[in-house]
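This report refers to the structure that appears directly beneath it.
Naming follows writing order (A, B and C), and every chain is counted from residue 1.
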Amino acid sequence: MSRLRNLALIAVALIWLLPYAWMLSTSLKTLPEIVAAPAAPLPSGLNFDAYRAVFAAMPLGRYFWNTTVMALGIAAIQIALALPAGYALAKLQFTGRAVAFGLVVATLLIPAQVRFVPVFVLLADVGLANTMTALILPFGVSAFGTFLIRQALESVPDSLIEAARMDGASELRIVFGLLAPMLRPTLVSFFLFSFVYHWNDYFWPLVMTTDDSVRTLPLGIALLREQGTGVRWHIVMAGNVLLSAPALLVFALAQRHLLRAVVSRSP
Amino acid sequence: MKPRRPIDPYWMLAPTALLLALFFFYPLLFAVEKSFYDWDLLTPPRYVGFDNYRALLESGELLDAFTTTLSLSVVVVIGSMALGLGLALALNRPGAFASAVRAAIFSAYVVSWVSVALLWLWVLDSSAGALTLTLRKLGIPTLDWLGNPRVALYSLAGVTIWKIAGYAMVLFVAGLQDIPRQLYEAAALDGAGAVRRFFNVTWPLLRPTAAFVGTTSLILSFQVFDVVRVMTQGGPVRSTTVFVYAIYEQIFINLRVGRASAEVVVFFVVLLALTALQLWAWRGKPKGARA
Amino acid sequence: MSARTLARRSLVCGSAAAIGGVFLGCNDRRIPPGRTGVSLWFTYGGRNREVLEKLVQAFNTAQNRYYVHGVFQGDYFEGLAKLRTAIAARAAPALSHVVGEVIPYLAEAGVLEPLASYPGAAELDLIPELAQQKSWVGGDAHPLVCLPFNRSTPIAYLNGEIFARAKLEPPTTWDELRQTARALTLKSGDQVQRYGFGCPISWWFWVALVGQAGGEVVERDGTVSLGGEAGVRAIQFWQTLVADGSMKPPPGRDYNAWEATNQDYLAGRAAMIWTSTAFLKYLEDNARFPVVAARLPRDRRFAVPTGGTHWVMVRGAPAEEKAAAWEFLRFMHEPEQAMAWATRTGYMPVTRSAIGRLEREGYYAKHPNDRIAVDQLAVAMPWPWSPTLFRVQQEIVQPRLESAVFSKKDARAVLDQARALANRSLG
């Protein structure tokens, strides 16, 4: 019975793994192979033509760099801003605290698709459209991150902070020097989660960039499905392998942390 | 705690407040304002009152976008929740094997939407895609998954479910693990079978998780864009023109920023209403649940 | 690693990334030193892209004053969208190419650079039907803002083998097309193995049909008539072919449908298709049967719209870039380049000298298929110089064509509704 269950579970896992295997296999084939025998599960040999074509068709290195810089920048700024904000919302009493918190959470209801045109026009007016700033700054605040940090800080005893204050530490030092290390698991998880999320983002770079100077990898790879003269699947799949690999790598290395970020969202 | 200096909380929140004002609240107001204008970005805006809203209603575009998105959303929410819950129940066990299977399923959530879209664009290809060829070999009739206007939207729903089922599963697993073992034991001692245990113990305590999964997958499915853009571009015959894609088209293809802003305002209101509805539908704490 | 370091590191990393990224993003043109660079945004994929890139490279190596940097922007629609937003953001390239339907709009909006005063503009020896002069009704009454680039007309491609076996001639009238299509449709039981005819249900082909039925999409005085009776006949023609079972309307949006048509033709699933002359080389190279090109048939008259794109320069770009762009355009209009472009893709040569040389060298004798589009120029329909034409295309007509043919709606009702909407919303 247990063996049957295990087989069933393997079958389930295959539903998620087989498409990737197929993608990889296709990327290693040649075009004549695909046309002649599209159903062949394995390529006839390790043919890297498709990968060469992808590298020749676009400045992959630049796109990769752009995407990584953007994602790192966003995640870093989000944490840098969410720490003091979360601290103020969690630990300090001041007028308008509830309103402030409400407003932060309310932004969760204003998705990117509602914001993009005004933001584009705003940035274009100051000459910042199609720049890395346009990709990073609008995401500088993460309501989710602020919420997470606030929640984590609520379980930190006030006495610790008061002790630090009596030791003469400034509020900034308390936040970044004392509390941040205590929140390390939360911060690491959130950083990874935000990094991966924005690395993968397609919509915002699509509407914010106009040429390929700050184009990100998802955009570049999506452009591979050129129409009109026959889609060259092996090239599209090779590009897709290159696009998926970094996220999967991060997932493989930091699975625990990523999962923690996902799960911590539940009430 | 009292702040050290009264000004402390304010400057700590200042950068956040500034960015929120600039990039969240101002855009919302801007969209509302521009919805009363006709503007193509190249020439100055022209005031047209409620014309944009009227045009959207009369052409049926608003209603079409709403019903298309709603159809997709219903399938995605129900599908991902059911699948996620089922997978969680089946895989909520210790051991490397179950962990590996869970990881395989969750991996789809980690890659980008473009990645998933391109992958399934190839698998669902009606002449050379893996799914078509496999079905043909098995003698099962196959459909034009992305080319048939009656099927395309549901193909996209399937792709979406494939991507987010892992997310639902992980959340449900966490929720399941929060349920104290004693409750099951007590129920079993009372003579309850597996099904009764599920409905009397598991489900009530899983409700908050289910509410969360339901709400987030509803909002996510209403914001679907990448798969549409990469796989069907709103077609065939506009059968996959969901809300966000319709907005995108208004701006980038039709260059009607005013009309797009009107659509954005409606979209925002719809999202608000849906979220409120969801929260209301899942309201109420089950008896005996922890706060 | 202490957490303070972690936090500090994140802050520094983040700021550095943001700042560094801005600079990275700003200046990454890879222009060789000492040259004036100009960006060319193009929207080709596949084979035609390679041809263009080779020509750009030839220009860059043939002289050392300017450097053209090509940027791929997706398909026509994506590229046009990006161009417009870039113009709005005042970050547009100096040079790009756009479809004819949108040029009157851009010209009236004042964003296109007038070209008449650039050196050598009058000596380009352009074929009038392909240039601004005759591509639009009264084209020469407006300041020159565009030069022809990849110009095309729709043509019919026949599967030579199938036609030879069935001993059929290319149809020259709508009725002949209908009969030929019916004759060549192969069914096995309920499944259609081969359609007699394939055609993307798309604006361009609808305009062709309207012209052939004797109508105009936009009248001379600017009213959007959508062809009137001719418009109805055009849709009904498609509906008839679909009802006959001899045409598979390929689903899919925009270029998905064109792609599907090409693939159907190559795979022998459609005996005869209508598509752009632009795919001539691609189809000839990939077909396993002789490809026979033919003119489109007539209903009341022979008529074809022109298609493809025109070069435009953006007015807001810096003067040096525009000068560089102009030099590149002159280069592209020299006979060698015009010939190279045409013979390697299937688009028409745009200068009279290029066509003359090709004829003298016997090119058309050896490649009769290439001649078809050129010959059809005699019946080419100019577009109306209407700033709302692209809206008619995108918002009014294109969305309704598919549903009209697919769901067999009453063509007259659909067009009446569309016309009413056009007059209301487009003024």
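Methods note: contacts are C-beta pairs under 8 Å (C-beta built on N, C-alpha and C of every residue); 3 or more make two chains touch, one makes a residue touch a chain.
What you are looking at is a predicted structure, and each value in this text was computed from that prediction instead of being measured.
Student: Once you count every C-beta pair in contact for both, which comes out on top, B-C or A-C?
Tutor: By number of C-beta pairs in contact, A-C is the larger.
Student: Relative to subunit B, which chain's C-alpha centre is the most remote?
Tutor: C
Student: Roughly how far is subunit A from subunit B, going centre to centre by Cα mean, in whole Å?
Tutor: 17
Student: CA centre of subunit A versus CA centre of subunit C: separation in Å?
Tutor: Roughly 37 Å separates the two chain centres.
Student: If a residue has to touch 2 or more other chains to count, which residues of subunit C qualify?
Tutor: 85, 88, 254, 256, 263
Student: Send over the residues of subunit B in touch with two or more other chains.
Tutor: 41, 252
Student: In subunit A, what residues contact two or more other chains?
Tutor: Counting only residues that touch two or more other chains, subunit A contributes 121, 137.
Student: What residues on subunit A touch subunit B, complex-wise?
Tutor: 5-6, 8-10, 12-13, 15-17, 19-20, 22-23, 26, 34-35, 38-39, 81-82, 84-85, 87-89, 91-94, 97, 100, 103-104, 107, 109-111, 113-119, 121-122, 137-138, 140-141, 146, 158, 161-162, 165, 171, 175, 196, 199-203, 206-207, 218-219, 221-222, 224-225, 233, 236-237, 239-240, 243-244, 247-248, 250-251, 255, 258-259, 262-263, 265-267
Student: Looking at the complex, which residues from subunit B come into contact with subunit A?
Tutor: Interface residues on the subunit B side: 1-4, 6, 8-10, 12-13, 15-17, 19-20, 22-28, 30-31, 34, 41, 87, 90-91, 97-98, 100-101, 103-115, 117-123, 125, 128-130, 133-134, 137, 162, 166-167, 170-171, 174-175, 208-209, 212, 216, 219, 223, 225-226, 229-230, 244, 247-248, 251-252, 257, 260-261, 264, 267-268, 271-272, 275.
Student: Quick one: in the complex, what on subunit C touches subunit B?
Tutor: Touch residues, subunit C against subunit B: 77-78, 81, 84-85, 87-88, 106, 109, 111, 250-254, 256, 260, 263, 267, 391, 394-395, 399, 402-403, 406-407, 421, 425.
Student: For a test of understanding, state which residues of subunit B touch subunit C in their complex under the given definition.
Tutor: It is residues 40-43, 55, 59, 127, 144, 146-149, 232-238, 252-255 of subunit B that touch subunit C.
Student: Considering only the defined contacts, which subunit A positions touch subunit C in the complex?
Tutor: Counting only subunit A, the residues touching subunit C are 57-58, 62, 65-66, 69-70, 72-73, 75-77, 79-80, 83, 120-121, 123-124, 127, 129-133, 135-137, 176-177, 180-182, 184, 187, 191, 210-214, 223, 226-232.
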